[in-house]
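Lettered A, B, C, D, E and F in written order, each chain numbered from 1.
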Amino acid sequence: MERIALFPGSFDPITRGHHEIINKGLGLFDKIVVGVGINAGKKTLFSVEDRLRIITELFEHEPRISVLPYQTLTVKFCKEIGANFILRGLRSGLDFEYEQSIAFANKELDESIETVFLLSSPSYSNISSTIVRDIIVNNGDYSKFVPKGFKI
Amino acid sequence: MERIALFPGSFDPITRGHHEIINKGLGLFDKIVVGVGINAGKKTLFSVEDRLRIITELFEHEPRISVLPYQTLTVKFCKEIGANFILRGLRSGLDFEYEQSIAFANKELDESIETVFLLSSPSYSNISSTIVRDIIVNNGDYSKFVPKGFKI
Amino acid sequence: MERIALFPGSFDPITRGHHEIINKGLGLFDKIVVGVGINAGKKTLFSVEDRLRIITELFEHEPRISVLPYQTLTVKFCKEIGANFILRGLRSGLDFEYEQSIAFANKELDESIETVFLLSSPSYSNISSTIVRDIIVNNGDYSKFVPKGFKI
Amino acid sequence: MERIALFPGSFDPITRGHHEIINKGLGLFDKIVVGVGINAGKKTLFSVEDRLRIITELFEHEPRISVLPYQTLTVKFCKEIGANFILRGLRSGLDFEYEQSIAFANKELDESIETVFLLSSPSYSNISSTIVRDIIVNNGDYSKFVPKGFKI
Amino acid sequence: MERIALFPGSFDPITRGHHEIINKGLGLFDKIVVGVGINAGKKTLFSVEDRLRIITELFEHEPRISVLPYQTLTVKFCKEIGANFILRGLRSGLDFEYEQSIAFANKELDESIETVFLLSSPSYSNISSTIVRDIIVNNGDYSKFVPKGFKI
Amino acid sequence: MERIALFPGSFDPITRGHHEIINKGLGLFDKIVVGVGINAGKKTLFSVEDRLRIITELFEHEPRISVLPYQTLTVKFCKEIGANFILRGLRSGLDFEYEQSIAFANKELDESIETVFLLSSPSYSNISSTIVRDIIVNNGDYSKFVPKGFKI
């Protein structure tokens, strides 16, 4: 059976940390779907179109990665795309407690889907989309925090 | 002296975790007042009326539990209803740090009121109102996360 | 039904923090048994006899408190003394995770016994028996860390 | 070389905890600039003018402290005012993880600026501007949570 | 390329939590080696022989799992057995910080080996070998904490 | 007044993380005393003599750093050497809670001494003496974890 993982997130915008987890995930899964969550009630800095385009451009050389938007429960989207795993990166103990709640809720909703965690490396473990947005809004140099090849 | 506890919260909506803590609290307190906090500045999924009705229906068989709205400092509301204890559930280390701040502030404001903590059982320890709202908004099956008898 | 709580610990030695939790517990429970755990494999600074004597002297004016040694599973000792609650103090998020594991294990072993948590006040929340022992061994002034009336 | 530290924050409003950290910082730094961050997108209870005035009044006797507004990246503001250090207070493990992310991001943006942490004392370690605002909004007595001499 | 994972531990003794992680791991990896670490300086309740025997018996029906002792750096053992992944279970935020340190050190020592984390389910997330040993030593009923089929 | 800091520890052995904190501290303090704690009851891998020699060699070019053994309460040693600050590095939330307890106890014992915290950089934030000892004992390559110039 193919091992297919969903890597869900807002990606507003994708960071160097996200990029690393996706690349590490390729060693573990046959296919990875980067799922860009659409939340009508939440204001984002980047439009859905831009978020999808940026990620698609970054991985266009890698046929095992696809990029899709979704606007439903994460476990339902897994079913639609045939994913049996959810891939998540962990940066800190704080991250962990949050991720644990989400993962347990997903397990309650669909027992067949397992969440798999990989670690961000130390130098990326303090990068978040929030910090990147803050630097962008204040006209700072965000290039160290986003993947090489990232184009707004 | 009667031991009366306030169990304060937004209850937007009440979860299986809240329900368990209230029931456990009945072994420790003579009376429990479930206090539904009204915060004019905060948007909720359920109206105050619905939040009060749902909780009242769940505990209508239990004369030692009453359900009341409040819109003031928690310690002031304790005084009004004669409560000498605040009851809170703990799910995780994250919860704890947040609860500790609130409890210390309440103690500064009124030294006579003590906060008492009980643990959610493991299977409920990852349920939050936030997760329940997310499932409801996405048309998922939230029945495992709310108390039996819960009616929207 | 009487509400009887066990307050278990090594008490090597009892600290100002322990003392506070026991006193706060008197508002919640009808009787409190301070259970001094005996662990043959663990080296202590104070002998069991000294630990028992020091605590007994501190609470000799309070008939609702008794002090007993025990050398069995905590839930078994609860049964022997008729306690339906275990009382524990919480100082930090670190404490919490440790206490949560123990409380869940106790619940698995005996579902009828509930663990109740009270908070140490801020000024006592960084006192531990380990720190007191360290001060004693280095001939420092430990008087601020132990209850008034504490006699070695 | 002079040791100049920026103490950045929203100060909505300044608390007894902030006040303590600034005073402790005077033992470590030659000058401290209290930087009141202006965030157009964030609603505050106190206006920028009031926040600046309150802090300025509190420290008007201390020539080594100045109070300035800023609306740019924190490390850029450090450069403008000649600060080579950022001073931050730590209250809890939760605080720490948040502060660590910010400090690492600042280090990436400007390697020459070091973040220095001091501890809030236990009795102030649970005070936050959020709690103070909540008490003010609910007409509670906030005097124990703000510095002596604080005038709205 | 085959995906082979090492699941390292002391297993003094194996718990229901370990058992669950190994079983979940079978969905992700082609082979799993349960590596029983031998630490001459550490006193254990169960002998190496007993620890190996108990685990081998539990998984004798599953050809994709093997059980081996080891007494070297974990990453060196990975090389010896051809494992490119280390599998670990996570139970709490406390666990996480500890595991993160170990995983980063392993990565420094051998960049080709990735640590993969799966979650213990809530009902197993408070079980540890320490608690099991404590129950055994005190003649308690440990059956709920160890895998079905566990034989001392 | 001179700003003198004690940097206390076991240094069994000194790591790249310790080395970084001491160097960062030179920007903040006029003098730093590296205090090697001697604890008769604790078995170490390196002798006191070796621990002192290794650190002394590493900093022999820096006249503002001195290296001394001590076997008393940390605050008493501060008094002896004229230090008004204790310098500590922070790596994680776990570290923080431990350090906070020690710092508060020291403050109780001597109010005139302030503990100052600096952050380990991300790439060093998972290095501990425990991990270095484990690598040494297992004949691994520990060179990435100790300062350049470190000689056993």
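In this text, contacts are C-beta pairs under 8 Å (C-beta built on N, C-alpha and C of every residue); 3 or more make two chains touch, one makes a residue touch a chain.
Quantities reported herein were computed from a predicted structural model and do not represent experimental measurements.
Peer 1: What's the minimum number of touch steps needed to get from chain D to chain E?
Peer 2: Graph distance in the chain contact network comes out at 2.
Peer 1: Identify which chain pair among C-F, B-C or C-D reproduces the interface of C-E, meaning that over half of its contact pairs, matched by residue number, are the same.
Peer 2: Repeat interface, by the over-half criterion: C-F.
Peer 1: Same residues or different residues: which describes how chain C and chain F meet, taking over half shared numbers as same?
Peer 2: Interface between chain C and chain F is built from largely different residues.
Peer 1: State the chain with the largest centre-to-centre distance from chain A, centres being mean CA positions.
Peer 2: Checked the centroid distances; the maximum from chain A is C.
Peer 1: Using each chain's Cα centroid, which is most distant from the centroid of chain E?
Peer 2: Relative to chain E, the chain with the farthest C-alpha centre is D.
Peer 1: Counting only Cα atoms for the centres, state how far chain E is from chain F in Å.
Peer 2: Distance between chain centres: 34 Å.
Peer 1: With chain centres defined as C-alpha means, what is the inter-centre distance between chain D and chain F in Å?
Peer 2: Whole-Å distance between the two chain centres: 29.
Peer 1: Please work out the Cα centroid separation of chain B and chain E, and write it as a whole number of Å.
Peer 2: Chain centroid spacing, chain B to chain E, equals 39 Å.
Peer 1: Quick check: how many Å separate the C-alpha centres of chain A and chain C?
Peer 2: 46
Peer 1: Where in chain F do residues touch two or more other chains at once?
Peer 2: 92-94, 97, 100, 104, 122, 126
Peer 1: Following the definition at the start, I'd like every touching pair of chains, please.
Peer 2: The set of touching chain pairs is A-B, A-D, A-E, A-F, B-C, B-D, B-E, C-D, C-E, C-F, D-F, E-F.
Peer 1: Residue numbers of chain B touching chain E in their complex, please.
Peer 2: 92-94, 122-123, 125-126
Peer 1: With touch defined as at the start, can you tell me which chain D residues reach chain F in the complex?
Peer 2: Touching chain F: residues 3, 24, 27-28, 84-85, 90, 93-94, 96-97, 100, 103-104, 107, 114-119, 121-122 of chain D.
Peer 1: Tell me, which parts of chain D touch chain A in their complex?
Peer 2: On the chain D side, the touching residues are 72-73, 75-76, 94, 97-98, 100-102, 104-105, 108-109.
Peer 1: So in the complex, which bits of chain E are touching chain C?
Peer 2: Counting only chain E, the residues touching chain C are 92-94, 126-128, 131, 134-135, 138-141, 144-145.
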